[in-house]
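Next up is a structure, given as structure tokens.
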Amino acid sequence: MPREAEPSLNERAFVVQALQEGLRVDGRAFDQYRQLELKFGEQYGVADVTLGKTRILVKVSAEVTTPYTDRPFDGIFTITTELSPMASPAFEVNRPTETEVLLSRLLEKTVRRSNALDTESLCLVAGQKCWSIRVDLHVLSHDGNLIDVSCFAVVAALRHFRKPDTSIEGGHLTVYTPAEREPVPLSWLHSPFCVTFSFYGEGEITILDANLLEEQLRVSSCTISLNRHGEICQIAKLGGTPVEAATLLQCASVALNKVKEFSTLLDQKLAEDAKRRNKGGLLAELSAENER
Amino acid sequence: MASATTQQHLLLSPAELAYLHSSLSLTPPVRPDGRTATQFRPLTAETGVLPAANGSARVCFADGTEAVVGVKAEVEKRKVLPLSKGHEQIRESDGDDAVAGENDWVEITVEIPGYRDDDSSTVFLATMLSEALLADGEFTKKLWINRRFHWKLYIDQIILISPPLSYPLPLLSLTTHLALLSTRLPRLKSEADEDPMFDDDWDASRFIYPRQSSDTTSATVGSRPPVTLLVMAVGDNIIFDPSKEELAVADSALAVSVGERNAPVDEASETMDVDGEPQAGRQLRLLSVRTIDPPSRLTAPGVPNAVNAAAWGQGGPVAKDPGARAAEIDDVEGVWKAPRGGTKVAILGAMVQKVLEKGGIAEEVLDGLDAVDLG
Amino acid sequence: MPLDTSTYNLALLRIDGRRWNELRQLRGQIRTQAAADGSSYLEMGNTKIMCVVTGPSEEGKRRNQGASSASAAGSGSSTSASATNAADILVSVVVGGFSTVDRKKRARSDKRIQELQATLAKSLAAVLHTHLFPRSTISLSLHILSQDGSLLACMINAATLALVDAGVPMTDYLVACSAGSTSSHSAADERADPLIDLNNQEEQELPFLTVGTLGASDKVVVLVCESRVQVSRLEGMMVAAADGCVNIRAYLDSVVREKGHRMVAEGAVEKGASMAMDIDV
């Protein structure tokens, strides 16, 4: 089983010592993210997010299927993650590492279980037809903090996505092509984002957005998912060195501020994209801006 | 038959194995723990350990291997038969016996920590257990509710110590036996082919295997779930409840499943029951016999391919020195050689006979299990 | 109970008749399996878990390779210890098909179970002195016999007990407790009260989290929240859970001490004198 190359003892000592003196290797402040860039694709529902050297591509697709028999009024919403060897030699195809399992569980809890997407709105004919929304996440390059970037990319892509418009007449379902009717956005309820904290020393040093080297050296981590209304969707501090409860509470409030920044950034990018697509001004009323 | 993964090689030297084999071949056999050939190791058992299950049991063998079995029942709709054919079938079955069960109403799973879910050894164990349980077709009849509905019984078994310290089949079988004895199904309130309604009162529930004392009129009096016993032979000696070390030198091993005959008990034996001689009332019958591949049959580590029949053709060049070959194949006093060839039919017959005979092992085991308080 | 309920003055009792800060009945046993290096059985209400520890042993990962097991040290990014100079911790969780009201079989490759395994392995790695057992493996298997809420908490507590029985040195007991909040996430009800040690029904209805602390301290090893809750509730819930942890620690300690006393009384402990003194303290 391939493993990530471990940092040498010298590197270890240097990075940790520097952190204890209040410095990060790349000169950032402890609570500073790397440059976050978001690009939407030509198609709806494609988001390409880079954070420093970490790069993630997300594609959303939709198709009409039959709903699960135990949930006839709900559409189907799945998020699949793929960590390919392209991102890091430590990943293997078809063999989920612990990182991948934890990442997909986190996305599942943050986006799916917090009801960010209203799955009932995906229902077309109860028990017979519904939309199946599928999110494919590909990690193109891994330089730490996969979780925060993945979550941002998934939410961005889902909010950017438009599904074909449909109508039902006399039990007959019609799906319109984009030429016939402008596709419609998903019924989106709130936008959760993940913020991951890394702890060093005896848990007293806290940094945000650790890069790969810093991730390898951390003694513990905690991922907090929130939306900008201050609703926690998920917290995961899965073991690691004990951290004072007060520190974690402080992290939660830092996370809230960061999430508000993410939220603003995403809104702004979505508005820009909508403007770009709306060159003719014909679709002025179909603003991509979501109420929430 | 049984996969090798459940019974890993013991780290015993050829000399130790040879010593074990020769002491077990003596008459009477001398067993490492001083038991007689038919003596069982003591075990502890309790039933009704799980609140969320219809029946459950936990059994701990003397060697420390422990198993928990939970039985869960769910109401399931019967598969709809094709109409034309279905009518005939129902009428047909109405004729002799309206109550009939199907084998897929029972599902048995075995779980051993550290083994994959689809590991062949756990699947094999589950199959052997369900084979014994379903052999006489009587058991699934108990799951019949009406023509449209039936109970589906899930029997989940967990072995707590991994890897098991001895071949786990007898342990699982005994635990399943006790769990089934303690299994209760809610009392049916609805009638005929209505959608089933059940009595909420758990005290009114019925045991799936009714007690003798509570229901003497029923035809199923005395009926018990089957038990599967592990019997092994060394030479002409037949040894019961073999430990892991003993299995390592077995010439052959059998899993014998025994059930109690499902017949009304006549008056005479009834009175004898009261007299405290329940043995007389037991009418045993053989449900299934399976040969188990004991680890002694596996190629021992360190055997060169040249003399290993299983690696025929893929081994290196055949040993040139005839002496070396002879040393691997010929019997040498004090050096263990894996048994070759099959077992004599007479010995297999004697093994089964010993289980079934009056006052034999099966009766002894069933009596022992009777003593377990079913709470 | 060391907690003062009078300031909250709650007349409200919970579904099972408990007050907000009341734990369900705890029943713990250690050394339940003679054949294992360490074993325990823990009931928190109707959540019942059995834990078996094998190790620290040298045999390595060979046997468990096919199964899903989580290794904390070395490959995990969260521990500084590398595989060569600290023990690996392997956790496998077996969910009995009969553990829930409706039978549901969970495959062991289920992501939720893998996450639980990883959580347990990583949190135990932080508490155990694994550096004392280089190149060895401590493997735990947890058997969930019955589940009724607070599953993760009960698993952590059972694992701690079993590891005490196995004699693996640890900094302190790792104890966990769940806590919920009485109002749903949408209601902006500021008077919402925390509840501790939730059962299944409460977990379905209320937002909740699980806190695992190092002994009776405020140091949080595990913090898992899987439901939507206002960030302002977090503090109250964490404080309540930490208080629950203190009580659970006291209980686990009493189980261990009682067993120790009994072993001394039965003469099971050889070098009796010094042991007995330790336990009497």
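Letters A, B and C name the chains as they come in the text, with residue numbers starting at 1 for each one.
Convention: contacts are C-beta pairs under 8 Å (C-beta built on N, C-alpha and C of every residue); 3 or more make two chains touch, one makes a residue touch a chain.
Predicted, not measured: the structure shown is a model, and the values here were computed from it.
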Inset, instruction - Could you name all chains that are in contact with chain B and with chain C at the same time? - result: none
Legend entry - Chain occupying the most central position, where position means C-alpha average: C
Inset, instruction - Would you kindly tell me how far, in whole Å, the mean C-alpha position of chain C lies from that of chain B? - result: 35
Legend entry - Where chain A and chain B are represented by their mean Cα positions, the distance between them in whole Å: 52
Legend entry - Between chain A and chain C, centroid-to-centroid distance (C-alpha), Å: 30
Inset, instruction - Report the residues of chain C in contact with chain A in the complex, numbered from low to high. - result: 70, 72, 75-80, 82, 111-112, 114-115, 118-127, 185, 209, 211, 213-214, 217-232, 234-235, 238-239, 242
Legend entry - Complex contacts: residues of chain B adjacent to chain C: 49-53, 56, 60, 63-66, 68, 70-72, 74, 109, 111, 113-117, 119, 154, 156, 158, 160-163, 165
Inset, instruction - Quick one: which bits of chain C touch chain B in the complex? Just the residue numbers, please. - result: 33-36, 46, 48, 50, 52, 54, 63-64, 66-67, 69, 92, 94, 96-103, 105, 107-109, 139, 141, 143, 145-147
Inset, instruction - Enumerate the contact residues on chain A facing chain C in the complex. - result: 3-4, 6, 12, 98-99, 101-102, 104-105, 108-109, 113-115, 203, 215-222, 226, 230-246, 248-249, 252-253, 256
